[in-house]
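Dropping a structure here in structure tokens format, bear with me for questions.
Going by the order they are written in, the chains are A, B, C, D, E and F; count residues from 1 in each one.
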Amino acid sequence: MGLSDPVVLFFLLGFTASLLKSELKLPASLYETLSILLLLAIGLKGGVELAKQASWSLLGQSVAVLAMGVVLPLLAFPLLRVFGFARADAASLVAHYGSVSVGTFAVAVAYLAAQGIVFEEYLPLFVVVLEVPAILVGIVLAKGIRRDTDWKALGHELFLGKSIVLLIGGLLIGWIAGPTGVKPLEPLFFTLFKPLLALFLLEMGLIAASQLGSLKRYGVPLVVFATLMPLVSSVAGAGLGVALGLSVGGVAMLATLAASASYIAVPAAMRMAVPEANPSLSLTASLGITFPFNIVIGIPLYLQLAQWLAATL
Amino acid sequence: MGLSDPVVLFFLLGFTASLLKSELKLPASLYETLSILLLLAIGLKGGVELAKQASWSLLGQSVAVLAMGVVLPLLAFPLLRVFGFARADAASLVAHYGSVSVGTFAVAVAYLAAQGIVFEEYLPLFVVVLEVPAILVGIVLAKGIRRDTDWKALGHELFLGKSIVLLIGGLLIGWIAGPTGVKPLEPLFFTLFKPLLALFLLEMGLIAASQLGSLKRYGVPLVVFATLMPLVSSVAGAGLGVALGLSVGGVAMLATLAASASYIAVPAAMRMAVPEANPSLSLTASLGITFPFNIVIGIPLYLQLAQWLAATL
Amino acid sequence: MGLSDPVVLFFLLGFTASLLKSELKLPASLYETLSILLLLAIGLKGGVELAKQASWSLLGQSVAVLAMGVVLPLLAFPLLRVFGFARADAASLVAHYGSVSVGTFAVAVAYLAAQGIVFEEYLPLFVVVLEVPAILVGIVLAKGIRRDTDWKALGHELFLGKSIVLLIGGLLIGWIAGPTGVKPLEPLFFTLFKPLLALFLLEMGLIAASQLGSLKRYGVPLVVFATLMPLVSSVAGAGLGVALGLSVGGVAMLATLAASASYIAVPAAMRMAVPEANPSLSLTASLGITFPFNIVIGIPLYLQLAQWLAATL
Amino acid sequence: MQTHQRTLLTVICEAVLEHKLEQALEKLGAPGWTIADARGRGGRGVRSAGWDTEGNIRVEVICNRELAQNIADYLHEHYYANFAMVCYLSAVEVFRADKF
Amino acid sequence: MQTHQRTLLTVICEAVLEHKLEQALEKLGAPGWTIADARGRGGRGVRSAGWDTEGNIRVEVICNRELAQNIADYLHEHYYANFAMVCYLSAVEVFRADKF
Amino acid sequence: MQTHQRTLLTVICEAVLEHKLEQALEKLGAPGWTIADARGRGGRGVRSAGWDTEGNIRVEVICNRELAQNIADYLHEHYYANFAMVCYLSAVEVFRADKF
């Protein structure tokens, strides 16, 4: 279990403090700073790896991962409609779950490192690849391919949003500067990665618990969706990982990516593109349920799944 | 003298800049971030130690320290009344001085480290123990045990305030994760402890000097109290330390804790619980006089006291 | 070329993101924090060196550097007037260019370190020396030595502004604490110097590009000035460096200092002292053109100049 | 769209009161409120927002005249003696009568 | 100095609308505007500014009565259904008639 | 509680003027003031608060009509030519006549 890892403990501290209505609060700019640093760190790490081994096979893998980011939301949407969610709300939910959570990815990185399990270092590339497609799927599901959608503004929103720019920017910098160029940056982006992640999770705990307030408004169907969807997606992710020939660590990471739900890029994009969707519904699910679930229970589970697959196949 | 230690120099830089009316200002969120990091660092350090040696004797020591936190304000209160302070103001003042200043504790940690003097690593526990009791004493002194005090709200305020949650949270995380679990967090919380403390003291210098403006309004009695009280308390703290069988470093630390006056948790709590007390009076004393006094003169003095006691007894 | 150094890449990332109208934004307090850390780091480094080798010859060098800070603006002013700039605008521009940019200095520090080229460690002293004189020259050029200038308020503004206080404060702390005293501060101020600089440049890129919007309003003369002035100044700086007997690295640094234009201290001072000058004009020049020019093209050029001078003379 | 007369109550007070004020507004039936951070100077000295508990907040409540009076009375009674605080009323026109 | 009657339109809405609002104000011909960050509670729940997209902004536009009405109508039509938003008008006196 | 008519002077201007403004308000006898950070656009361009000296402040002074006029006149005379600045007046009701 990951429960005794200090980063998870920081999350639980924030979560508990918020449930107890403590007045503990992190300055908004600290949270922003931490998320900028995590995004850059993940991008840089991936970029350094690309500098070592960019290849056609990697491009092929990326296309396959991208396809997963399109297919999963398409499958989940009709199910949500059956469960009675409004069209816009269902579309918004699947956009959140088809995309990824960088925070969850970072916790998985720290978890595997603590377990001494390596994974393909280029996996941050897949974070980038998975970020956007589900949002597009969600918008089309909500509105159809309508003429009155301002696709230009939307494309701008999607590809020039904060997280994508930092991830891709970090990737490119890591790629161009290469391992030796990035070396002097390591004290901040690599050595301090875990403690900064711990602080980030403290804030995430505070926020996640504050989302629970709206939980009873949405009831059981949302809780079911927010715990089943990551489990199902993780199996899809793990399957794809095995099919792509990833290592055990790589399979666990791809399962985690698939299981994670966005709470930064997607909410902002959907708010503008599909304003009739209830933003609080998706955020409650992804931030209030799925994020804690993945951090505390999911990630260790996905690793076991990967190990079991490796042992079985 | 500690005067040439760089953290003290940072304090003096801020103090001087503020006296000269420089426009130097640290962003509010930096100050908040630094205080969060210091609180967590101190908590973590204590928690790791608890993981190694939690014991019944430690519990006994904690009770003794707690008793000191109750007795000192009770003794100081009548004295202040004699000096002409209003009931509410006197009560608020003794609450500030019976509680502790985490910033002062951190400077003492850095000072002893620079001198190569060790102390019982579980001392952060006493920071936690001393934080709250004096506030309760202060409230009772101000209002009596009145029916209209909302003790529930008050308890909430006291035990779920920012500093207590971070200190106890850090303690618990350190305790659960243990020395190896906390290791990856060290680059932030331990390696950067002193430079972050230096920045923190830069801001404290700016704030402390800005409190001096209201000094002439309150005059000599306040200055006398704010320098004598820490001296007297330090002797009590040192005495208790010797009685508990602490090392020289431990005695110096307990003397420092006793001598220090709160300027974060207590002002906020007293503002709500005893609003008729003048908040500026207590803050001028604890932040404008006692904090600089302890940082620059007190801590080296308390160490000498501890060394003298060790040599004498 | 410095183009593949990661800190320059961070600058280009910010610059590009801003040109593409990405919504990437760093929290204002992060930028403030970073500039505080850079100023302190540069001051501390210089101060530690002063502790080792303060001397009369150093004082003589400082006076010569100060003279350069007075003479360069005086020479540039009539030229700008000929080119049709209003009196106040021309005065404000030369004040910006006669003073220095700490960000540019920091990039040069990182660039020389990456090239393995050493320089006289006391060069931060010249940053301090060059900061103020050009502002005074600019004010006198704008207003004459008029009776109604509030020189007292002005002196206060100049010598107690944020950057000067942090630079001088850092210098003094480094000087007093000396190499061993400063050692525990190194993890923040020295080890993290380059990654923090990278973040700082990310923000500078965002800001620099946002200045370009006003470029077309001011047209070609401003662009010409903002690229020629640093080149001419760098030759003057390099010449002085050679005359003072500095090493190749020292000559390159002094050339960089001469070539750099202030965008922090001077804008603030000129806004109050010469409010009739258009603040956007100077900022567009120094921040939108000269800063990127120096970072990307200038610094490598100034090093080559220094190497060529060393080989030739 | 047609407009309707309402009263805007503005309260400027110590930031430390934010939570209590919200509870009071809820209790007294305010239809909503808006809060922003501020600093200032008044009869009770400079409040520079430079230090934790030292800032002000500026609270706005749009409601009917009577409720605005009630809230102001309540605040004066409970907080005016011990806290830095200023209240004032002004006339505004809103677009949805049912909302305020 | 002489004063002139104008109308002050105040809009309190989700921070995420800032950019769109500015575009609308520009399009509709507002002579200027002022924006500040805020938080609050209204018919559409608490907006605590604690999380990225969760804050409010408070926008002020000084202009003539007709334009203020136009802007308010435009905002109601485009955003009121799906976004937390409140608009109100008040009477102000300005010093430069040509500026507003 | 009874209310009394006063004037609210609101000034929106460059943040760099804060200190000077406070000195002027003190000199002219303002009974108090409230300041908040803001951003905006006006005749002198966009002021986005993205860069050090680039933000606005929003200053409010409650006082009698005459003093409000005086302050506005003073500000126009001293700062209007060279700084981004807007002033306006509105009518408010206060609760303590002696305070303002």
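FYI, a residue touches a chain if its C-beta (ideal position, glycine included) is under 8 Å from a C-beta of that chain, and two chains touch if they have at least 3 such contacts.
None of the values given here were measured: they were computed from a predicted structure.
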{"item": "Shortest path length from chain A to chain F (each step joins two touching chains)", "value": "2"}
{"item": "Smallest number of contact steps required from chain C to reach chain E", "value": "2"}
{"item": "Given chain B and chain C, the chains that contact each of them", "value": "A"}
{"item": "Same or different contact residues where chain F meets its copy chain E, judged by the half mark", "value": "different"}
{"item": "Distance between the centres, which are taken as Cα means, of chain B and chain A, whole angstrom", "value": "41"}
{"item": "For chain B paired with chain E, centre-to-centre distance based on mean C-alpha positions, whole Å", "value": "47"}
{"item": "Shared interface positions of chain F, touching two or more other chains", "value": "36-37, 90-91"}
{"item": "Chain C, residues touching no fewer than two other chains", "value": "25, 27-29, 187"}
{"item": "In contact (per the touch rule at the top): chain pairs", "value": "A-B, A-C, A-E, B-C, B-D, C-F, D-E, D-F, E-F"}
{"item": "Footprint of chain E on chain F - complex, ascending", "value": "10, 12, 36-43, 56, 58, 69, 72-73, 76, 86-91"}
{"item": "Chain F residues within the chain D interface of the complex", "value": "1, 3, 6, 8, 22, 31-37, 62, 90-95, 99"}
{"item": "For the chain D and chain B complex, residues of the former touching the latter", "value": "14, 16, 20, 45, 49-53, 79, 81-83"}
{"item": "Contacting residues of chain B [partner chain A, same complex]", "value": "27-29, 32-33, 36, 156-157, 160-162, 165-166, 169, 172-173, 176-177, 181-182, 184-189"}
{"item": "Residues of chain A touching chain B in the complex", "value": "4-6, 9-10, 13, 17, 20-30, 110, 114, 187, 191-192, 194-196, 198-199"}
